[in-house]
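Right after this note come the structures.
Each of the next two complexes has subunit A plus one more chain, namely subunit B in the first and subunit C in the second.
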Partner chain A sequence: MKDTVVKLKKKKRNSSFGIGQGRFTPFFFLAPAAIVLAFVVAYPLIYEIIISFKNVTLLNLKSQNYPWIGLDNYINVLADSLFYSTLIRTILWTAINVFFHVSIGLFLAILLNRKLPGKAFIRILLILPWAVPQYIAAMTWKGMYNVEYGSINIILTKLFGDAALIPWLSVPSWTFLACIITNIWLGIPFMMMISLGGLTSIPEELYEAAELDGASGFQQFKNITLPLLKPILTPAIILGTVWTFNMVNVVYIITSGSASDESQILITMVFKRAFQYFRYGQSAALSVIIFLILLAFSTVFIKAQKSDD
Partner chain B sequence: MKSNKFNRTDSLGKTILIYVVLAIACVCSVYPILNILSISLRPADALFTKSLSIIPPNATFDNFRQAFIQYDMLGWLFHSLVVSSAACAFSVMLSVTAGYAFSRFEFRGKKTGLTLILVTQMFPLAMTLLPLYLMIINLKMTNSYIALAIIYVSTSIPFNIWMMKGFYDTIPKSLEESAYVDGASVFRSFYQIILPLAKPAVALTALFSFMGAWSEYLVASVIINEAGKLTLPVGLVSMQGQFSTAWGIYSAGALITAVPVMILFVCLSKYLVGGLTVGSVKG
Partner chain C sequence: MKKIKVMIAMAMISTLVVGSMAGCTKKTAVTPEKTPAVVESTKPVSLAIWEQEDPDGQAMMDTLAKEFTAANPKITVKRTHYETEELRKNYTTASLGTTGPDIVLGPNDNLGVFVPGNLVQPIDTVVGAEFMATIDPLALDAAKYSGKQYMLPDRNGNELLVAYNKKLVPTPPKTFEELEAMGLKLKKEGKVEYGLVMDEVEPFFSVPFLAAFGGTIFDDVNSATPKPSLNTPAVTSWMTFMKRIHTAGLIPKEANGDLALTLFKGGKAAFIINGPWGFGDYTKAGIDFGIMPIPTINGKSPAPLTAVKGYTVSEGVKDANKLAAVKAFLIFVNSKDSQLKMVDSHQQTPTNIEAMKDAKITGNPLIAGQAEQLAKSLPMPTITQMRAIWDAIKPVQQEVLSGKTKPEAAGAIMQKKAEQGIKDLGL
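What follows is the complex of A and B.
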C-alpha cells in the first residue's frame, strides 16, 4: 500500500514536468549553451569588475599578478576632465542618433505601410544599409568624407560653391558630425523594419472608424498608431540606445588617424585606453561606469514606460 | 476613378509626394554602396577624380585582380570562411538544443533564463572585450580561430535561442507524445521528429550566425594580429594605411566581402524582424 502511494507520488511529480521529461533532461539540452554563455558573457563581466580594482599594465600583463589598488582606477578616470566632456558628447551622440533613427524610420515605415506599386523593391533599397557590414560602411563613409576627393565635398561644392568645402576628418567637431551622419544612415533600416512590422499588425478598421469620426491624419497617428506601436517600439528603442551608446565600429574607424580626443565617445575611450595606451585597469573601470549608466537608463526607462500604462 | 492598386484614401498629389520622398530616401541609402562600386571600377591612374559618375570612363576590373595579387585576399577569405563556419556550426548546435528545452520542458528558472538571455543583448561585446582579451592571453590563445569562433557563438546564440524557441512553439506537442507512446526517448524524438520539422528555422539560425561572424571587425582586430592569419575584416581595414589608403583595391575587396552577405541579408530580413519582434513582445 505504501509502495503504491510512493509510486503514485513519483508519477505525479514526473507529470508535473513536461511529458517524457526526466529530472535532468532540460539540463542536458541547456548545458552546452549555458556553459558558453557563462564563459564568454558572465565570467568576463565579473572579471572586468575585479580588474577594475587592480593595477593591470603592459608590464605585469603576462605574469597574471595584478596588485589590488582599490579605487585608484575609478579616481583616475573620474578626476579626468576628458571623461566629463566625453560623457556629454556620448549622451549627445546617443540622443541625436536614436531620435533620427526612430523618427525617420517610423516616417518611412508609415509611407511604406500602404498599397503602393513597387513597394517591395523600395523596401529592399531602404534596408540595404543594414545589410552592409558595419566596418565596411564606416570605411566607405570615411572615404566619402575625404576633403578633396570625397564625394560628399564634391557634391556640396557643386551645389553651394567652393565655400561649402568641409574639413570633415581634420576638425574634431566636423568629424563628430561625420560619425553621426554615418551612424544615422546605418541605424534607420532597423527601426524602419521594426516599425513596419508593428504597423502591419494594426487593423485597418481602426483607421476607417477614426476617419468616420472625422479624425485628422495627425490625430490618427497620435491616438492609434503611436499607442499601438509602443509595445514594439519600447524594447527596440532601449536596444537601439544601448547599441548606439556602445557603437565602437563607426567612431573608432572614422576617427582613427586623428590625434584629437574631441570626437571620441565613452566606449571608444575604453577601447583606446585598453588597446592603444595599455591602461587596462582604467579601461575596465570605465567599462564598469558605462555598465552602471546603461543599467540606470534601462531601469528608469522601463519604469517610466510601465507607469504610463 | 482610382485603380485599387493604391490606397483608397490617398489623393494623386499625396501619392506623388510619397514617391518623391521615398525616391530621395532610396538615393541616400543606396548612394554610399554605389560609391564603393564606382571606386572599385576606377583604373589606378584615375582613382582620384572629381567626377561623380557611378560607372567611371574606361572602367576596369583590375582592382579586383590586384586584391588577390597585391594582398592576401584569398587567404583572408579562407580564414574568414573557417572562423564563420565554425561559429555557425557551434551556434546551431547550441541554440537548437537550448531552444528546445525552453520550448518543451518545465524547469525551475525557465523564465529567468529566458530573460537573462535577452539581457545579454543589452551589453554588447565591446564592453567585455578587455576581460576576454586578458583571458585569451592567459590561456595563450591569441591568434586562435577557435577563441574567435567561440566569442562569435556567444554573440549569436541569444537571438538564435529565442528564434528556435518561437519556432518549436508552433510545432504541436502531440507529435512527440505519440513518439513517446511508441517508446522513443526524449533525445530520439527530438532528433528524429522535431529537428527535421524545424529545418527552416535551423537554416535561418545557421545563416544569421554565419553572417554575424563574417561581418565582425572589432573582436577579430583585437585577437588576430599575426600577418599570415588575418581574417577578412582585419585585412580590409588594414589596407587603410598610415598615409594613404589603397581605395581602389579596398573597394574591390569590400564588394567581394559584402555583396554575398547583403544578398542573403535582404532575402532573410523578413525573418530577422519577425524574430526580433516576437522576442520583444513576449519578453
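What follows is the complex of A and C.
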C-alpha cells in the first residue's frame, strides 16, 4: 500500500519536468531533420525558383546583382522547339525504363521468393549493379559499346556474323538505346528489392486458399500479388520515375558530354545550359518546369492509385 | 493544435523566403578586410591552389610547394586537383562564396570564362614588372585577354603533333600521303590494328586539318564580335578528308582519346596524333617513339592550336599579406629551376627566358623537336565563343564519320549550330 503511494508520487514528479509526452515533443524530435532538410532541400529549391525569374549569367554571377525579368526565362524555354522534342524523348526514356525496371524487377523477385539453393549468393549478384557507382558503371558500359573493340559487338558478330555490327555510339538513335539498356541494368536491383520486401509480407494463407479454390498461377498473381503489392510499388514507381527522368550520369557519360542534341534528355540540357553556357537563370527556369512536370505526375499517379481502391 | 501547426509552418516559410531575398540584394561578400598596412611577412598565410595537371605534374607541384614552405615557413600551400571542365565549373560557382582558391593553374582558354565573369585580377601588378621581364614575351602575349595581362604562363605548347613507333616506322614520312600509304600497308601486313590513331570524338584533335585546307574558325578572332566562318568549301574539304581516311581504314571506326592511347601504347598503331602530355605514357609503356609535325596534305601544313598554361590570381585576393605571399609563390614557382623541374612532367617549352636557353630544353629532342610544329601552329582563341564552336563541330563530325551526314552538308550545319550557340551564350 505504501509502495503504490510512493510510486504514484514519483510519477507525478516526472511529468512536472515536462520531459514526458508534452505537446511540443514531436517537434523537438523532428527539428534536427527538419533543419537539415530546410538547408539542403528547401533553401536551394526556393533560391532556384527565385533566380528563375531573374537574369543570371556568367557576366553578372559574381556581382550578385540579378535583375528581375519575370517570366522571360520561362518563355525562352517554352518557345524553343528543342525543349519539346527533348521532353518527348525524356518521357519515352522514363516510360521504357520504368516499365522494364518494374517488370524485370518483379519477375526476379518472384523467382527469388521461394526456396532456392544459394539464394543469398544470387541476391548479392543481383544487387551488384546498384552497388557499383553509377559513373563507373556508365564508363564501363560505354567501353563495351565501342563498335570495334567493345564486348557487345564482338559477341554479336561472333553469334550473327558481321552484319550484326551496331554503331552504338555513332548514331544518336542507337546511343539512346544504349543509354536505355545501361539504365535498365542499373535500376533493376532497386525494384527487385522493393518487390521482394513486398512479396514476403503477403501471407502464405492467401495463396493456399487460392490454390484450394483452383486458381492458376497467373490468376493468383493478378488477384493476390499485384493488388497487395500496389501500396509498396506505388511509391517505388514514383521514385523510379523521378530518378529516371533526372538520370543525368548515364546519359551524359554514354553520349560523351551530350554534344548531340538528338540524344539528350531534359536534365542534361539543364546541365549544359547551366555549366557550359552559364545561363543560370534559364536553366533554373527549365529545372522548375521539370519539377512541376514531376509534381503533376506524382499527384495524378497517387490519385489514380487511390481511386482504384 | 492545427492553428499552431499552421502558424509554425507560415513562420518557417516566411523566414526562408525573407532570408533568401536578403541574399539577393547583398552586393559584396561579408569577409572582414584588413586595412592594407606595411606587408608583415610574419603573419601565417595559407594559399589555396587549384590545378588540372596530370599525376606527374601534381607530384611535382607538391615537391615545389614543400620547397617553398621550407624557405617561407609562415606560408602554407594547399593544392586541390580538378579535371579541366570541373575546374572551370567549380571556380565559377566558388566565386559566389569566399572559399575559392587564391591561384588557379590552367590553360589560357579559361580566361574566356574567368575574365567576363570577373573572377581574376590582372597579374602583372601582383608580381611586378621586374619579374614579368624574365618571362618570354610571346607566351605573355598569349596569356593576355582584351589587352590586359591576366595570366602568368608557365609553359607554351599544348600543341598536337605526330608520334610514331620507331619499330614499326624506321623512317618517318614526309607528307601525309606517305603517312597514309605507310599506315595502310602496315595494316594490310597485319603488323598494326590501325596505321593512325587519334581522338575522333573531340574536335580539338581534328581541327588542325582545317587549316591545311585553308579554313579558319572565326572570320576575325580579334574583333569585338567574331563570327564563325564554318560554312566554307574549306570545311567541306576537311570533312571529306576525315570521312575518306575513316572509310579507308586508316583511323579506327570509333575512337576516343583513351582507345587511341591504348592502341599506340600497346604497339598496335604506328602513328598517333596527340600532345606532349602523352610522352611520359609512351615511355612508361616501353615504346621507342619519335616525334614530327603533322605532315603536309597537298603541300599545306595542318596547324594545331597551341595554348599556354599558367597561373591566375583570384579577384578576391585583396589582403596585402596574401598578395605578398602569392607574389612570392609565383616568383618561386616560375623561377628557372622550378620551371625546369616542371618540364619533367609536362614536356613542353617553359616560359622563363633563362630556362628556355637551358641545355635541358635545347638538348632534349622531344622538347626541342616540338619547335618545328610550334612554328606551324595557330594560337587557340581564348574567347568565350569557342565553347559554341566546339559544341557545333563535335556532333557534326560524329555524324559525318558515322555516315549520317554528308561532308558537303556539314559546313552549313556547323555554322548554324555555332551561331545559335553564340546567341545562347548571350554574346
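Following the convention adopted for this analysis, the second predicted complex is superposed on the first by the 273 of 309 C-alpha atoms of A that agree within 3 Å, B and C clash if a C-alpha of one lies under 4 Å from a C-alpha of the other, contacts with A are read in each partner's own complex, and residues count from 1 in each chain.
Quick note on the criterion: contacts are C-beta pairs under 8 Å (C-beta built on N, C-alpha and C of every residue); 3 or more make two chains touch, one makes a residue touch a chain.
This is a predicted model, so every value here is computed, not measured.
Engineer: Just from the overlay, do subunit B and subunit C fit on subunit A, or is there a clash?
Structural biologist: Clash - subunit B and subunit C, as placed by superposing on subunit A, overlap.
Engineer: What is the contact status of A:A137 with respect to subunit B (first) and subunit C (second): first, second, both, or neither?
Structural biologist: first
Engineer: Should A:S81 be classified as contacting the first partner (subunit B), the second (subunit C), both, or neither?
Structural biologist: neither
Engineer: In the overlaid three-chain picture, which partner chain does A:V40 touch, first (subunit B) or second (subunit C), both, or neither?
Structural biologist: first
Engineer: Which partner, subunit B or subunit C, touches the larger number of subunit A residues?
Structural biologist: Counted on subunit A, the partner with more touching residues turns out to be B.
Engineer: Have a look at where A:Y149 lands relative to subunit B and subunit C in the superposition and call it first, second, both or neither.
Structural biologist: Both: A:Y149 reaches subunit B and subunit C.
Engineer: So, A:L59: does it touch subunit B (first), subunit C (second), both, or neither?
Structural biologist: Touch partner of A:L59: subunit C, not subunit B.
Engineer: Identify the partner contact of A:Q276: answer first if only subunit B is touched, second if only subunit C is, both if each is, neither if none is.
Structural biologist: Touch status of A:Q276: second partner only.
Engineer: Tell me which partner A:S307 touches in the superposition: subunit B (first), subunit C (second), both or neither.
Structural biologist: Touch status of A:S307: no partner.
Engineer: Give the one stretch of subunit B, out of 132-140, 168-176 or 258-266, that collides with subunit C after superposing.
Structural biologist: It is 132-140; the other listed stretches have no clashes.
Engineer: Where on subunit A do subunit B and subunit C both make contact?
Structural biologist: On subunit A, the overlap between the subunit B and subunit C contacts is residues 27, 43, 47, 61-62, 64, 148-149, 256-257, 275.
Engineer: Going by the contact rule at the top, pick out the subunit A residues touching subunit C in the complex.
Structural biologist: It comes out as residues 23, 27, 38, 42-43, 46-47, 50, 54, 57-59, 61-66, 146-149, 167, 169-171, 256-257, 259-262, 273, 275-279.
Engineer: Looking at the complex, which residues from subunit C come into contact with subunit A?
Structural biologist: Per the stated touch rule, the residues are 1, 8, 12, 16-17, 19-21, 23-24, 26-27, 85, 89, 92, 95-96, 113, 116-119, 201, 252-254, 256, 259, 315, 384, 387, 391, 394-395, 398-399, 401-402, 404, 421, 424-426.
Engineer: Show which residues of subunit A lie in contact with subunit B when the two form their complex.
Structural biologist: Going through subunit A, the ones touching subunit B are 16-22, 25-30, 32-34, 36-37, 39-41, 43-45, 47-48, 51, 56, 61-62, 64, 108, 111-112, 114-117, 122, 124-137, 139-144, 148-149, 151, 154-155, 158, 185, 188-189, 193-194, 196-198, 211, 231-232, 234-236, 238-239, 242-243, 246, 248-249, 252-253, 256-257, 267, 270-271, 274-275, 280, 283-284, 287, 290-291, 294, 298.
Engineer: Under the definition above, what is the set of subunit B residues touching subunit A in their complex?
Structural biologist: The contact residues of subunit B facing subunit A are 4-7, 9-10, 15, 18-19, 21-22, 25-26, 28-30, 32-33, 35-36, 39, 48-50, 52, 90, 93-95, 97-98, 100-102, 104-107, 113, 117, 120-124, 126-135, 137-138, 150-151, 153-154, 157-158, 161, 173, 176-177, 180, 185-187, 189-190, 214-218, 222, 233, 236-237, 240, 242, 245, 247, 250-251, 254, 257-258, 261-262, 265-266, 269, 272-274, 276-277, 280-281, 283.
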